[in-house]
């Protein structure tokens, strides 16, 4: 098993696990925030403007942690700096 | 066991686990949001327009994290960049 | 153990685990949404039209994450692209 | 250990685990939905028609995820496509 | 260790684990449904006919997932198709 | 280590684990159902006939999943079909 | 390591784990049922006859799953059918 | 490593784990029952005779599952039937 | 590694784990019982005699499961019957 | 497998796991804080200025722990000091 | 690796784990009892004498299980009977 | 694999896991504190000065445990004393 | 790998894990006790003397289990009796 | 792999895990205490002096268990007594 193959195998495994594990927390958190927003809307319909605005800002902030994971997974699949590092000296 | 086989085996395993693990969080979160929306509808039927609109936006946002996982799984199965990387030098 | 056998073994294992693990989240989430819909029906029978419509849209959305897992499992069993990839060069 | 034996062993193990793990989520979800339906019946006996109809639709939807697992387990035991794939070239 | 022995060992282990793990979910779910039915009976004795009927239908539905596991376990012990598959070519 | 010994060792281990793991769910479920029945009796002593009848039917249904596990464990210890399968060709 | 020793070692380990794991569920379930019975007695002292009778029937039913485990453990230690099976052909 | 040593090592390990794991369930269950009895005494001091009698019967029943584990542990340490079985043929 | 050393190593490991794992359950249970007793005292100071008597009997009963573990740990360290069993034939 | 490859493989695996595991806590925490803020807005709409300001400061503070993880992951992928350390003496 | 070293390594590992694992249960239990005592004091300041006395007796009883673990850890570090057992025959 | 590479690999893995695991507790704790502060603000808007001051002091204190982890991770990556220790004698 | 190195490696690992695992229980318990004390102070400010005194005694008692772990960790690092035991005969 | 390298690798791994695991408990506990203090402030603003004083004393006490872990981690990284112990005889 040469270096290229190992790097590729580890990158595939890591990319998948990163986005898989990394989607649990944000999804549950968004579910909680959205759930509470719906309860708040039912309880205080007059404040719907403030509630939905706060909800969307919060969802965006929570989504950011999922985005971090997606970015790392994409980097590992399509722009992996270690692939060049390893293949370069081997080809040099 | 040559490089192609290892990459294929790891990709299959990762693709399956990614979508399997990655569907737990979003599913539970959507269940929670939907559940709360139903409770809100029962509590405040007059606000049903605001509630269902907020629900659908939230569901779409939560579904996005499941979509990330599905995209990564599909990339690993049908458009795996590492397959070319490994087979190219071997055939070159 | 040749490449074909390994790919087959990993595909079988992954397909089973994918649909098994992937059915936990959606099932629980549908159970929660359905459970809350029933409570909402008991609490506000007059809103039954809105409640059941919202319930079915939500169930469909949640079921979609289980469908993703089922699709990946079926692809791995019946339309596995890696089987061709591996057997082709071996037969070429 | 030849290819046939390995495929058979992995298929048996996967089929069992698939239906075993895959029955946890749906069972608990059906228990929750049924439990809530009974509470709803006690709370609002007049809405029993709507409640039991919604319950049965929901149970069928939840049962579908268990059916997916059962289908995959049965395919792996009685109609495993990889068995032919592996035995064919070996006999060819 | 020949193929027969391995298939037998894996089948025994899988059959046991399948019914063992597969009985947790249905048992807990039936316990929950039955528990709620008893509470509903205490709360609304007049609706006992509807409640017990809904309970028994639900219990039967939940029991079905345990039956799936029991069927797979019995197939693996008494009608294992892989035993013939493996012993046939070995004896042929 | 010959085939007989391996089959025996796996059967012993599986039989024990099957009934051990398989007793957790039913026991907890029966505890929950019984617990709720006692609460129902304290709340509505007049409905004791209906409550105890429903309780015993439910307990029997829940116990059935434990019985499945016990049956499998007994089959593995005293009527293991794989023992004959393995010893027969060895003695033939 | 000969067959006798392996069977003995596995039997000891399994017997201990069986009764150890198998005592968790029944114990917790009996604790729950007893706990609820005491609460019911405090709430409705007049129904003490019905409550204690239902409690003892329930405890006996729950204890039965622990008895299953104890029986299997005792069979494995004192009446293990595999010991004869293995030693017989070895001595024959 | 001869047979005697292996049997001894496994017996020691199993005896310890049996009583250690087996004490968790009964202890927690007794704690729950006792805790509820104390609450019942504070709520209904007049029923103290019935409550303490029911408590002691329940504690004895729960303790029985811990006793099963202790008995198995003691048998494994001081009256292990497999020690004789293994040493006898070795000395014969 | 001779037999004496293995027995000693396993005994040390088992003795420690036995009392460590075995102290979790009783400690939590005693904490729960004591906690409830304090709440009962605050709620019904007049019944303090009955409450503290019931508490101490319960604590003693719960402590007994911890004592079982301590006894087994002490036996394994200071009066291990397997040490003699193994060293005797080796020296004989 | 040379040093470069090992460092690269470990860095990829660690970078992915760091951001994946490290996003669970902050996401859940932000979901909780946002959820409570929405409830507070529904309960006390007049204090919306104070509430949203406190919410955003808190979200920024919680996000900081996710940022730590992202920073470490980025350092490991793009500015790994150990890569130079290892390749330098090898090339020197 | 000679016997002395193995015994020493196992003793160190066991001593640490024993007191580490063994401190979780008692600490949580004492926290619960103390927490409830404080609540009881706030609820019924007049019964402070009975409450604190019962609290200290309970804390001492719970602490005893932590003491068991500490004693075993100290014995394993400073008065390990197996060290003499193993070194004696080696030096004899 | 030489010493430098091992130290580097272990340092990378440890640094990532340290900050990843170490961010779970502080993040959840800050989320809880912030969440409660928002609830307190909604309940008692007049005490907002005291509440936000106490909140920020608490957040700083909780953040300190995350800082400890970040410091250790940074030390392991950029100022690892063991790298010098190991490379010095090797180069000496 | 000689004896000294093994003892040192095990001691380091054990010392770290001992204090790390051993700090979870006491910290959570102190948090619970302190949390309840604050609630008690808010509920009954007049009993603040009794409450804080009881709190500090309880905190000291809980802290003692953390101290046990710290003591064992320090002994393992700075006054490890096994280091002398092992190095003495090796140097003798 | 020589002794120095092993000691270094184990020390790095242990130091990181110690502070990572050891920060979970204190952080959660401080979060709980702070959270309750904020609730107490909202409920009883007049007792803010007593509450914040008790809070800070409690936070300091809880922080102490995190400090223990940090101290052990720092000792393992910067003042590891085993490094001298091992390198001394090797250089002597």
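Going by the order they are written in, the chains are A, B, C, D, E, F, G, H, I, J, K, L, M and N; count residues from 1 in each one.
We adopt the following convention: contacts are C-beta pairs under 8 Å (C-beta built on N, C-alpha and C of every residue); 3 or more make two chains touch, one makes a residue touch a chain.
As the structure is a computational prediction, the values presented were derived from the model and not from experiment.
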Number of steps on the shortest touching-chain route linking chain I and chain L: 4
Chain hops separating chain H from chain E, counting only touching neighbours: 3
Length of the line joining the C-alpha centres of chain E and chain M, rounded to whole Å: 47
Centroid spacing, where centroids are CA-atom means, of chain E and chain I in whole angstrom: 37
Between chain F and chain M, centroid-to-centroid distance (C-alpha), Å: 43
Sequence positions of chain G contacting 2 or more other chains: 1, 11, 13, 15, 17, 19-21, 24-26, 28-32, 35-37, 39, 41, 43, 55, 59, 66, 69, 73
Pairwise touch network: line, ring, star, complete, or other: ring
Order of the ring members, counted from chain I so that chain K is second: I, K, M, N, L, J, A, B, C, D, E, F, G, H
Touching residues (chain side chain N, partner chain M) in the complex: 1, 3, 6-7, 10-11, 13-15, 17-22, 24-26, 28-33, 35-37, 39-41, 43-44, 46-47, 50-51, 54-55, 57-59, 61-62, 64-66, 68-69, 72-73, 75-76, 80-82, 85-86, 89
Contact set on chain I toward chain K in their complex: 1-2, 4-5, 8-9, 11-13, 15-17, 19-21, 23-32, 34-39, 41-43, 45, 48, 52, 55-56, 59, 63, 66, 69-70, 73, 77-78, 83, 87
